[in-house]
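In this document, chain identifiers A, B, C and D correspond to the written order of the chains, with residue numbering beginning at 1 in each.
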Amino acid sequence: MSDFIWKKSGQGDGPGEAVMQFLAGEDVVLDRQLIGFDIRASQAHVNGLAQVGILDEDEARQLVDGLDGIAAALQAGDLVLDETFEDCHSALEAWLTERLGPLLGGKVHTGRSRNDQVAVALRLYMKDRLDALSALCVDTASVLLARARDEGHLPMPGYTHLQRAMPSSAGLWLAGHAEAFIDNAQLAALTRDWLDASPLGTASGFGVNLPLARDAVAEALGFGRLVVNPQYAQNARGKVELQALGALGAATADLRRLAWDLSLFTTSEFDFVRLPDGWCTGSSIMPNKRNPDVVELLRAAHGTVAGARTELESVLGLPSGYQRDLQATKPPLLRAFEAGLQALALLPELLAAFEWNPDAMQAAISPEMFATDLSVDMAREGMPFRDAYREVGSRLGQVKAEDAVQSLENRVSPGACGALELDRLAARLDHLAKK
Amino acid sequence: MSDFIWKKSGQGDGPGEAVMQFLAGEDVVLDRQLIGFDIRASQAHVNGLAQVGILDEDEARQLVDGLDGIAAALQAGDLVLDETFEDCHSALEAWLTERLGPLLGGKVHTGRSRNDQVAVALRLYMKDRLDALSALCVDTASVLLARARDEGHLPMPGYTHLQRAMPSSAGLWLAGHAEAFIDNAQLAALTRDWLDASPLGTASGFGVNLPLARDAVAEALGFGRLVVNPQYAQNARGKVELQALGALGAATADLRRLAWDLSLFTTSEFDFVRLPDGWCTGSSIMPNKRNPDVVELLRAAHGTVAGARTELESVLGLPSGYQRDLQATKPPLLRAFEAGLQALALLPELLAAFEWNPDAMQAAISPEMFATDLSVDMAREGMPFRDAYREVGSRLGQVKAEDAVQSLENRVSPGACGALELDRLAARLDHLAKK
Amino acid sequence: MSDFIWKKSGQGDGPGEAVMQFLAGEDVVLDRQLIGFDIRASQAHVNGLAQVGILDEDEARQLVDGLDGIAAALQAGDLVLDETFEDCHSALEAWLTERLGPLLGGKVHTGRSRNDQVAVALRLYMKDRLDALSALCVDTASVLLARARDEGHLPMPGYTHLQRAMPSSAGLWLAGHAEAFIDNAQLAALTRDWLDASPLGTASGFGVNLPLARDAVAEALGFGRLVVNPQYAQNARGKVELQALGALGAATADLRRLAWDLSLFTTSEFDFVRLPDGWCTGSSIMPNKRNPDVVELLRAAHGTVAGARTELESVLGLPSGYQRDLQATKPPLLRAFEAGLQALALLPELLAAFEWNPDAMQAAISPEMFATDLSVDMAREGMPFRDAYREVGSRLGQVKAEDAVQSLENRVSPGACGALELDRLAARLDHLAKK
Amino acid sequence: MSDFIWKKSGQGDGPGEAVMQFLAGEDVVLDRQLIGFDIRASQAHVNGLAQVGILDEDEARQLVDGLDGIAAALQAGDLVLDETFEDCHSALEAWLTERLGPLLGGKVHTGRSRNDQVAVALRLYMKDRLDALSALCVDTASVLLARARDEGHLPMPGYTHLQRAMPSSAGLWLAGHAEAFIDNAQLAALTRDWLDASPLGTASGFGVNLPLARDAVAEALGFGRLVVNPQYAQNARGKVELQALGALGAATADLRRLAWDLSLFTTSEFDFVRLPDGWCTGSSIMPNKRNPDVVELLRAAHGTVAGARTELESVLGLPSGYQRDLQATKPPLLRAFEAGLQALALLPELLAAFEWNPDAMQAAISPEMFATDLSVDMAREGMPFRDAYREVGSRLGQVKAEDAVQSLENRVSPGACGALELDRLAARLDHLAKK
């Protein structure tokens, strides 16, 4: 590892090798996901310094161009962020200094600290990932609504307690999951807006003795407002990450439920759904197996998000101010978004690809499942519902199967099989998609 | 325990006593917190049934009045929700039937299931508790901002890594925690709006064969929109609770940090803060002790919220549709809000009551803490910051203490000690307080 | 609330009412589960004081008898531990002083602190609950092994990925769950032994200037060794509780899996298992429902244990020494053991009561499930297994159903259907049952 | 990625590229930590097949030698486990087949499944890591005990509630942490023994129709017993991992507390401890900083373990039998042991290297801290302790400082400063070290 910017010449040997490896952790590798945001923020910072006269126009332009050059070199593979650096932040300063000389390179860090530099890059990253999350939720809901329009009428048994309850429809199932992902898209958007505040210009947690143009810098970076207080800019670390993971976890938890349904429906016993070959695997010992591994791993994906939340929670029991523990909030955040979004990204295609087995679905609608509709019919005619419930319950064996399609059409309470209200859901979805 | 509404006469012995106790759990006792919301929702449901002609006007009025009577009787202690009932939902139907006779009492449950009845009561409860959370966060931030205005100028050492870093001020500390609770108030409000949707009228998860006036009922209850899909009304159980706890947990985690600061600042070694006697306790063996127990229990309060989240998460790995496991989401939700809000409610008074020890704070500002401001001064004069940093670092022993008050006034980057921007924070707070 | 033992006369008003309620929490009510252990430990402490000459024989006898009297009065309901006390520890001293006068009552606390008093009561409690846990696991495994002996031969489809895999047997399923609970019983016993150390005599975390007979006191209480170091006696709080919950959680997680199997097997689609009426409930709206609520709540029971672990974890990020936060470790511990053991206690009866549906089990064994046995047969004859696997896989449609009973008998690898090794499991169980 | 062993020729296109990447996850890279254990287990399996006549002696020898060759080639870098393989298990079979031809290579998988192959490799891995954990705990405790012998007499203030409580000593602090790590070493050993059971020979969860020599194979691999039941061999996945992480987490939680102490003691305000330069870092903006980053990251290390537990917990809510979700238990296990052991490995050196500041420690012992000893002295003379406590409490200002060293020597209750009982702790440590 190269020298550290904070290394003092007279300070003795500095940290030993094992200690340095421990300190570095996976930071530099993870920072490959952050360095693009750091470059953008550094450019805005430099322009802000010019605005208040700390840099002249020419210095600022050279630094901005230098950062562009670094971005291009990273893109082209001419520069690589590796273990020779402590993190992406010190790499940037080192590369700039190498390219522009120490006189200019040594000026980029004026008025900022790695503390606010990390914080702003992470906020930009989270906004970006929450946008991606929202978009995936919108895509997922769109596929589900489209199928609900096409196949919504297919009768399907409805379950509570995993016991056959009432006749239901593929449409109810599809629209139900669609509404879940509409809520998830909205949550991602709300969370993004809630954390859309720039900590840049708060330095190490106490500000600096310069009249930084914080508002202009924030606006240039597309932030909606400032994290005003420098202490809070540090104290908020982990806190905003937890909410970002909360929004991600809402989506992966719904993914888990959807995957559970598909896992159940692809058993030989239920047999309501068939997955295309591309979504199945075999066994190393059993020649007869055709396993829904993808669905099972989708079901498991929420674990990474839940684990990351706990990991984050675990390091936050601290007094105010930056402490190195806060650096440990980065790996779980990045790990969870990578795993969670990768899983969610498969969902639209999977949901478009699976096939219903209408015969098996129809065959599983047994006569006693019409009992509730019958009781309600009697209640509509004036019998107290509790009496109708008891009377139908006392002669369950005589309840006759009805035409399921007709029966579902009669289920007209808003949202039910006979009135799915897909337009209402679609309108909410459109509203979110446009944001 | 009394009879169950679902009990069939010919069904044999039914659940045994130990099984029934296990099934009941703490449900009925917890339901004391929910029954008020259930009564309101039942009245709206009854009016909705009248609107679509299932009940006539007179029946609806009698049922609504009957529910008012039950509410009054509960208030007066003439009715008690205890273990003789399965839960508050069956208690309501039983009491109504007792008061109005089986002909009328037996009609209240027409077109609904306990599934949507529970869900709507819980949504109303969460909206109410999130409003309370938001209000407590607003109160907390107000006290902090008021003190920041009054005592903001007091010099105080600033720490990173718990090491002395730069001169800071009581104002920076107070305003930093204030901004945290402004964010928390906003998060509570956003979360409340996100879950502000009525599941009433979705019955057991499949709707009913009645043209229920779901929108009108939702509006009467003050909901912003419907949970449209009946399946999602059940699948959302636990999901919305987790987000509600997420908002609560953001506040209790900030409470933890604030309590940590106070715990540290009341040590003999720091000695920056003195708590009034009313906030301290003694020891059973050590006559000399004066312990900040309250502060420590406030620090611990987040644990109940974090534990409740895990408890909730743990039961949600299920396929779609209502399953009894979902009933296990109720205890952790209620427990966490009770404990979390009780702790947060102490905060405004505590924050108004503690006293600073300005002498100790001033004494802890040692000369080398002015090194950063000095380096920035040199950078402003044109020296590359990195050079200034190195030069000052090489002669740290010669850095002279400056007048702290003057030094803090020079810290003029927005949000820093010389420009706390309390008005900006107050404006955001006012905006939230008015919502 | 009554006066506090640490209350100083000249100390002003002391904590206000809201603060006191917050401080008390649910402590006193929870302490009803601990006071018996506290009485035992207090008696041992008193005898220890006599042994080193701090009390004379007569004083010790009076105190021990006084504590016996209190235990009897609590049992009879003549004394009640309620909110008039801070906790069970101060209640004991108050009651003793009331009964024996301040001269003698004031001596019981010589040489100890509430810190070690709480710690020893909790260790005794955990040992007791882990013994109960171990016994319940032994009972559960016994019922399962007994059924495996009686019905082990019943053919049953075996699943991986919830897909039909190979013919299996009720015996394999029953013995598999039995072995799980044997492991759980052993884990409970190991954990009990690991924490079987007495903290009594470490006072507030620094010991006392008295030559306490700690070893003798520990032996009198049935402890295997001392927590030697007074600081560790406090630092271990929460740590040992987490391991106790770890043992409990292993059992409740296995309970969850078992309940999941029963939930799946009682669906109409699988239909392998029938639960007696006493284990089922109905619906408030659907007259036709017969729901396995008990099984679902058993599946959910693990949540309370998992949540309690998180709650405990959350308060332990502290420096050394007693801090009031540690008191917050008590509620989750007691709550989790109460809920977890209540659920586990239903298991032996449930497992004895459910009935298999052999016809449905047999019918679900489809021909292609014999493919693996066939491949292995070919490999035994000398064909490379991978070739046999491919060959059988290429003509799956031609694999013929065999006699399942015969096929299972041929599955002779130790532990498999043809060699369940129930005696080996029973021997391990007997060994644990005798401990 | 290369072909899959389960790939059928007539099966269409198989999984798409995005799906395959999702399926593969980080499996192959993680498997670099497992492949050595897989090789050992495969050799034992092959020998077992020879023992029951499925392979002849020559075949077995060739396969064992082939596996040795693969191990050597991996060691030398001639073979690399990379993304061209699905996992280490299929890589082994592919390499063997390449080296020995399909006739022989195709025989290694006879009588086993990847399910038991993974399970046995993971058990071997966990035993190995728990041994390493135990050894690190022993080392840590040894260093602490050695310093307790040398510097145990140094007076140091003792804290409860972070408030000055009673005079204490460096010895009490050192021995307290030592006893914690002795408990941790024992827990690691107990957990290792509890999970020391071989699942090899249970195939995919149903055993096979071969009389496998499971006991002999287990013995050859050093296992203490079998996982008898094939279903349990799969159901135990995640369960044993959680207990292994429970043992690791006990150690990292104690590490967190120790690091918290050092973080507090290295503040300017406490100033009890100085860390050598090699353990400190600087700041990017503040020239004056000397930060205990290592100590802070050690404090944070527990988070990875806690997060891994949650991640594991999250995927285990499943019915019986292998499901692909279980594969998701591998990453958190490996990640947590890697991070946890790396952190713990720094501890012995750190604990040997830090220096006490005896002057600051002595100066922080204020007179009122002698009040408790004084009260106990009075109680020893016959005054009821509660009276002595009150009397001393009423004249706290007059309590005189005593000679701290003498006072500590009088603290003679076993384990206290005057009777640290280091020999007793050392004896327990020796016993564990020898295991």
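The rule we apply is simple: a contact is a pair of C-beta atoms (placed from the backbone, for glycine too) under 8 Å apart; a residue touches a chain by one contact, two chains touch by 3 or more.
Remember, it's a predicted structure, so these values are computed and weren't measured experimentally.
> Among the chain pairs B-D, A-B or A-D, which one reproduces the interface of A-C, with more than half of its contact pairs identical by residue number?
B-D
> If more than half of the interface residue numbers appear on both sides, call it same; otherwise different. Which is it for chain A and chain B?
Mostly same residues: over half of the interface numbers shared.
> Count the C-beta pairs in contact for C-D and for B-C, then report the pair with the higher count.
C-D
> Averaged over CA atoms, how far is the centre of chain B from the centre of chain C? Could you give it in whole Å?
31
> I'd like the Å distance between the centres of chain C and chain D, where a centre is the mean of that chain's Cα atoms.
23
> What are the residue numbers in chain B that touch two or more other chains?
5, 8, 109, 115, 159-162, 165-166, 203-204, 263-264, 282-283, 285-286, 289, 291, 293, 296, 299, 306, 309-310, 313-314, 317-318, 323-324, 372, 393
> Taking chains as nodes and touches as edges, what kind of graph is this: line, ring, star, complete or other?
Shape = complete; every chain linked to every other.
> So in the complex, the part of chain C that touches chain D is made up of which residues?
5, 8-10, 54, 93, 97, 102-107, 109-111, 115, 158-162, 165-168, 172-173, 175-180, 183, 186-187, 190, 194, 201-212, 214-215, 226-236, 239, 242-243, 246, 249-250, 253-254, 256-258, 260-261, 263-264, 299, 306, 309-310, 313, 316-324, 372-373, 376-377, 379-380, 384-387, 393-394, 407, 410-421, 424-425
> Can you list the residues on chain A that touch chain C in the complex?
159-166, 263-264, 266-270, 282-283, 285-293, 296, 310, 313-314, 317-318, 364, 366, 368-369, 371-372, 375, 389-390, 392-393, 396, 399
> Please give the residue numbers of chain A that touch chain D in the complex, ascending.
4-8, 11-16, 18-19, 22-23, 25, 89-90, 109, 112-115, 203-204, 276-286, 289, 291, 293-294, 296-297, 299-304, 306-315, 323-325, 327-328, 332, 342-343, 345-346, 349
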